[in-house]
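Sending over a structure as structure tokens; questions will come in a sec.
A, B, C and D are the chain letters, set down in written order, and residue numbers restart from 1 in every chain.
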Amino acid sequence: MPHRPDMTGPPIAESVVEMMATDAFSSGLGMRVLRARDGHALVGLAVTPELANGHGIAHGGVVFSLADTAFACACNSFGRATVGAAAEITFVAQALVGDELAAEAVLRTQFGRTGIYDVTVRRGADVIAEFRGRSHRLT
Amino acid sequence: MPHRPDMTGPPIAESVVEMMATDAFSSGLGMRVLRARDGHALVGLAVTPELANGHGIAHGGVVFSLADTAFACACNSFGRATVGAAAEITFVAQALVGDELAAEAVLRTQFGRTGIYDVTVRRGADVIAEFRGRSHRLT
Amino acid sequence: MPHRPDMTGPPIAESVVEMMATDAFSSGLGMRVLRARDGHALVGLAVTPELANGHGIAHGGVVFSLADTAFACACNSFGRATVGAAAEITFVAQALVGDELAAEAVLRTQFGRTGIYDVTVRRGADVIAEFRGRSHRLT
Amino acid sequence: MPHRPDMTGPPIAESVVEMMATDAFSSGLGMRVLRARDGHALVGLAVTPELANGHGIAHGGVVFSLADTAFACACNSFGRATVGAAAEITFVAQALVGDELAAEAVLRTQFGRTGIYDVTVRRGADVIAEFRGRSHRLT
């Protein structure tokens, strides 16, 4: 059963606010954290021309980075420093310049210092990518 | 047995030169294609402060993007348009601001329009990440 | 949003009944299909001494096989021949001889002839493994 | 650079001989360990009718199990108890009843208690599956 986020309280945990304040890469790409609490996060990104690859679509690394930041926001939302240890991504549909993307991360299961999170990247209702990450809590 | 690249001929296939000329994201991050021929590629990147995350290390998306570009250069080096369909990455060690990284992609196996490529990201002799990508040839 | 199975109708689609009737490996291991409809399946297995590895726990291949059969039942429940193309599994906890396991497969997303399914293997409420499979519809 | 196995010494490390002596599942399926030393292993299996699935080909779980046992032999060949923590597999070609398969596992990289191993399952020169496993050393 996926973890059910608590919808009360501030939308972004203090630990995530602090982490994202110094995340130069995510803010440089234009990511906006919309929610990050209780193992659940939502992050938005507009695909600008600077984020395209040589095929004229969003670079796979951009889509991965968006999912990875949502994953980092979700797994750090509990207030203890946690890093990504591994991830896999399936590219479902191309994202084009001008698209507005949103990545939603949900805690799937936790054991010891490890967490498994599922992240779906969407453009509106369309799925762009499915990502699964494994996190490692440092402390 | 991994594919053995042919070391004669120009170091970067014409198809890759053309693709990378319009890859705004890879060049914006500072990536440099060093070799790309016969299903094998080598791409370099310096970790600048703009590429760090909120833990002060290279964002996972940066390491993934470097591997993904090396993968794209390798799978497009045969001259037919090919896209990444899926990938998985294991983060072996942290990359710090100031590090010089190099990603080496090698074709592992091919069947139908699908290719499996292994990419290792290194800082000198140290492994930073192991990546495996699945490509899909469009034509 | 995960696919919501329709709970009306017979619990096991006719296409799955036919497929499992000739699945010598799954029945030889002792698997029992409990439900398989509309992209959703539930399959049970008791861990007998024959299924243990040299560490005295269920062989990783046994846990994978149970998840893979649940995946096959789910992706063939729509009535068109579909095969597994790839899968990844994380082993969350050990399964011991004597444990009763259940694997639940759910369709996550579909595009073209490809499907992505999530399978969780449990012993009661405890998660034993998380599996994600990619299917390919043949017809 | 993949780990190069040392080809001197007995072909199967004592730690692997002991482990496989009690691996009921692998021997029940008919697996034969041909080599296991220094992070490298080779395991054979004949596809009997009992190992087929409902499509009349080797069950995905059989191919995975063969790769997983080769992985276990390789990562336990150093003499310290090590378990599989995660794995991913891509099915490249179908294996038929009557086929003789061989899985070859090679250590790719090691860090802390973690190892990454690549396993290729072949029928003669043809690739049947590509597997990558992550091991965790217990002691």
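Basically, a residue touches a chain if its C-beta (ideal position, glycine included) is under 8 Å from a C-beta of that chain, and two chains touch if they have at least 3 such contacts.
Note that the structure is a prediction, hence the values are computed from the model and not measured.
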Longest centre-to-centre distance from chain C, chain (CA-based): B
Interface composition of copies chain C and chain D: same or different, split at half: same
Separation of mean Cα positions, chain C and chain B [Å, integer]: 34
Centre-of-Cα separation between chain B and chain A, whole angstrom: 22
Inter-chain centre distance, chain A versus chain C - centres from mean C-alpha coordinates, in Å: 28
Where chain B touches two or more other chains, by residue: 86, 88, 90, 134
Complex contact set, residues of chain C against chain B: 86, 88, 134
Interfacial residue positions of chain D with respect to chain C in the complex: 18-26, 28, 49-56, 59-62, 64-66, 68-69, 72, 81, 83-91
Contacting residues of chain A [partner chain C, same complex]: 88, 90, 92-93, 108-109, 111, 116, 118, 120, 127, 130, 132, 134
